[in-house]
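Pasting the structures here.
There are two complexes below, and they share chain A, which is joined by chain B in the first and by chain C in the second.
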Partner chain A sequence: MSTYGARHAPSAFSTPASIALFRRLTWEGTVPLEIRVDGKELPANSNRGLECYFVQAPRVSYLPLLVPEVRQFLMDVVFDENGGRVVKEEEWWFEREDGGLVKWHWPIGLIYDTYTTSLAPAAAAAASPVPLKLVLHLASPPTDKLLLQPSADACKQAFMGQLKEADFLRWGSTKRMTGLRKQEQDGIWDGIKEHNFDTYWRIASKITPTPSPNAQGGRSPSPAPVPPSSASMVHTRPPSAEPGAGSDANRDAATSVRSVPVRIYLPDGPVLQDLVPPTLDDGAPHILGRFLHSHLPLLFPAPPGPSELAYAVVQGVLCPMDAEMAWLGACMAGADGWVSVCVGIGRFGG
Partner chain B sequence: MSPPPAHLTRSEFETASKALVDDAREGGDALAQRHLREWSWVEHASVSGLGYLSRTVLLSRRPGCRSYELGFTDGLDGEAILEEEDGATLSDADPSDTVVCRQYVVYSPTYQVPVFYFTIHASNGAPLSLEDILRSSLFRPDTLPPSQITSFALSPDSSPFPLLSQGDHPTLGTPSWYVHPCETPKAVGEILAEVQRPQGTATKELMRVWFAVLGGVVDLRP
Partner chain C sequence: MAASPDIRAIPSSWTASDSGAAKEALDALETYKKKDPSKVVVRFRAIGNAPIMRQNFYKITASNRFQAVIQFLRKELGWKSGDPLYTYINMAFSPAPDDTVSNLFKSFSTDGHLIVNYSTTAAWG
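The block that comes next holds the complex of A and B.
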């Protein structure tokens, strides 16, 4: 079930139900991958012509985690009995069909979104989602281009590192992450490996901020998911500075974080990262339009209107400029805690 | 009360880095020169505000030198191995023991401190394994804590973060090794609190101290 394309959502308050809904939607999102095995590397007697594996891969998962199912497919359909014994998974590595190296330590959804936002507008306007075409090599990883092999263990470490960074950005320390028992930390990764929403969120909910429960007002529906106005009026001063503000809800509120973990991905360009306070100095909630305007003023002129020159995609969905950064951080971050804003040039959908 | 951890903004990082490089180029004190020689400030090709310090140095694999004793557990089977390497018995006798190390000092927007990134390749272009990196002259002997070693990270037993691991260079986007910055703000902050006669601005002093702290573990002499 591909979720590429605008989702329609009713106007929603920041109720626990809507938080869970968007987290579930983000979790269940998938992208189309076409993984073709390099024909030159197939073992003898393989069934040639069939070595292409199509998969709707979860956005929150990682390429090394797909290796077991690709291997199973190859064993069932392509290799003969000996072929399965000959191949060594440690030698496997991915490449884009156009020759670019794949950042296998990035979440699959991010790999896909940066791919589509870098396509020329006409190609991006294809009626159905364009599969990301990858070549899977079974041998000879280039030691000059790849620093290390895409093993699941290396991937797990990279993932945990990103989670800890996100934790640090939000609260100025990694106490919440390091406060988890090792079993729980492993449990988060297990949730990713098994693609199990409940396993993941059972633990992630301890470290991920939630939009404040006392939301006021909503917005009228617009043709893209409408992040509800979190309008909780919680200031970014640390809870201890406010009398009577010591409740758990406030402490963990998305609007109490120091900074939302956000990165901007420019098409074929560098990754931008900066502090993203949930509330601005004038007391207004920090919305996507202002955030993008402050970092890419030429592409995103001052809000409120959307830009004519560029657009922003989060989890594959065109993100409205009035989306609140705090809300994005609580509901549409990746499993690694980061909100990835992929910028595309032109108009979304060509 | 412990001193506040040391942080700086990206633009402070840029100003201080350029100032230090200029100092080193023009002379200045011997200590500054040693750590800071041959660094240059590089900007991203098209996007401003992503500059970093860069230099390339030649290092040795240290054959013939006695490598340090490292107590670490093999990440795979959990057995503790105390390894004593006598350089003369190293089996990977590469004819050329020179390796090329590209070094970078990049700003971390997460931790708001400089971070040391590097890549290190043999003369044939092959990247060094982590074990070979630890044996090279990049790290000062006996300065690393007891750690678990895998092919992709060096993780001290005492810390939730790996000391050395792989990541994308924040500006170039290419894969490199980096020294994790989580302990830096505290270490630098403590030293800054002791500095009697700071030379120049506070952030330049911070960078100078940062280099000194890094230099305790990484041999920064070119």
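The block that comes next holds the complex of A and C.
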């Protein structure tokens, strides 16, 4: 009954090195942002004309985490001594230059990918990376529309919430997340704040499904400790199969999840979320083409080949239709555990 | 409210010969953007000292954001916007306020309803 036994193509999970590579690539991905301060809100005696900050921001990070460096830049270059004392970071908020609130609780990479796949004319030239232009307001946040205060602390809470939701989707409980010590939970966020791959993955490897036979998710230093609920991670193997024993028990972990945490983002449109089993009823691995066809048959009419009408972007990369959902969940999810599939219409990159 | 782009504009990546495909894709997008008018059953369950409501099962429009559910709950409880109110799904996590009821229902419903727990203090962080 093993789906691996029935498959002849090499498993996407067969090379631990490539898992680590894609996790590293996802982590190191950046997008160009152009952050311009609203001129009307600059304090008196500011150096006008210089209040534009360009940054190649990490995809896995968040706008509130950029605030300290933007503030530093403004202090160094734009504000005079008084200006620095007058501005209140708690009142800072972002808007897209073409209008519209920015969802600051979304990872920066997602904000960028939904921008490039949107139908806004400016985004259409996204063949070469075009900076996403943002306006930074220094005052009067529209609290009714913002839903949450864009503080670093609220950002952390939102991030942890997304991690838990992903955990619950995968296993039907948040045991793995709640099984982490407070120090470790904080450690995941520290990894994001400091943008440190090892700090983040040291703990994330305990809760992210790993396809690697040696239970390390491809990382070579100290092996990831086996989480206490590991026996329940592998539903299809006899209890005697110990993860890390070199058996293929752990390789099934990513394919033992109830559902891969995935969201589909339509251009300027709704966000779709549903159960995404790693394996379909007929035993075949759930691949992107079939997933998109089942949810958006009008845009992806004929699985498993590519569509003439639309394409899918994951972490800024055009995703092939035969990508396995379980593999995407293990290797190209955002730091919050979610695979963001951004659908664009037409052809990627023109 | 975002300045709506002209959604009938064909992305520059398509040439004139693609106009049939362009129309098909844009029409498809229109279909998918339509708000789902159906309702789903939400079951509110109090945690800790939070008051239990007379009625706990409600039909909520699927396309609503979770933020609307929180506001609805506040109104039903008669609480003001400053009063602490924490909400969770399946006693496990707090969804983002812009997650839709439809998505949460599809992912987390049990026995045909979506369980929303509420309390006056943070329960599961």
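Definition applied: the second predicted complex is superposed on the first by the 287 of 350 C-alpha atoms of A that agree within 3 Å, B and C clash if a C-alpha of one lies under 4 Å from a C-alpha of the other, contacts with A are read in each partner's own complex, and residues count from 1 in each chain.
Just so we're on the same page, a contact is a pair of C-beta atoms (placed from the backbone, for glycine too) under 8 Å apart; a residue touches a chain by one contact, two chains touch by 3 or more.
Everything numeric here is computed off the predicted structure, so don't read it as measured data.
Q: Quick one: on chain A, after the overlay, do chain B and chain C clash, or do they fit? Just give me the call.
A: clash
Q: Could you tell me if A:Asp98 is touching chain B, chain C, both of them or neither one (first, second, both, neither)?
A: Second partner only, chain C.
Q: With both complexes superposed on chain A, which partner does A:Leu299 reach: first (chain B), second (chain C), both or neither?
A: Touch status of A:Leu299: second partner only.
Q: Please indicate which partner A:Glu308 is in contact with in the superposed arrangement: first for chain B, second for chain C, both, or neither.
A: Touch partner of A:Glu308: chain C, not chain B.
Q: Counting only touches as set out at the top, which of chain B and chain C does A:Ser118 meet: first, second, both, neither?
A: Only chain C; A:Ser118 stays clear of chain B.
Q: Per the contact definition in the header, classify A:Asp153: touching chain B only (first), chain C only (second), both, or neither.
A: first
Q: On the superposed three-chain arrangement, identify whether chain B or chain C touches more chain A residues.
A: Chain A has more residues touched by C than by the other partner.
Q: Identify the partner contact of A:Phe168: answer first if only chain B is touched, second if only chain C is, both if each is, neither if none is.
A: both
Q: Does chain B (first) or chain C (second) touch A:Val271, or do both, or does neither?
A: In the superposition, A:Val271 contacts both chain B and chain C.
Q: Thinking of the overlay built on chain A, is A:Arg347 touched by chain B (first), by chain C (second), by both, or by neither?
A: In the superposition, A:Arg347 contacts chain C only.
Q: Could you tell me which of 26-34, 62-70, 134-142 or 188-196 in chain B overlaps chain C after superposing the two complexes on chain A?
A: Only 134-142 shows clashing C-alpha atoms.
Q: Shared contact residues on chain A, chain B side and chain C side combined as an intersection?
A: In the superposed arrangement, which is not itself an observed complex, chain A uses residues 103, 147-148, 157-158, 161, 164-165, 168-169, 174, 178, 266, 269-275 for both chain B and chain C.
Q: Touching residues of chain A toward chain C in the complex: what are they?
A: Residue positions touching the partner: 96, 98-101, 103, 105, 118-121, 124-125, 127, 147-148, 157-158, 160-162, 164-165, 167-169, 173-174, 178, 259, 263, 266-275, 296, 298-299, 308-310, 344-350.
Q: Okay, in this complex, where on chain A does chain B touch?
A: Answer in residue numbers: 103, 143-144, 146-149, 151, 153-154, 157-158, 161, 164-165, 168-169, 174, 177-178, 266, 269-275.
Q: If we count contacts the way the header does, which residues on chain B are in touch with chain A in the complex?
A: Touching chain A: residues 10, 44, 46-47, 50, 109-111, 119, 121, 125-127, 150-153, 160-162, 165-168, 170-173, 175-177, 182 of chain B.
Q: Along chain C, where are the residues that touch chain A in the complex?
A: Of all residues in chain C, those touching chain A are 1-7, 9-14, 18, 21-22, 24-29, 31-33, 67, 89-90, 92-100, 103-104, 106-108, 124-125.
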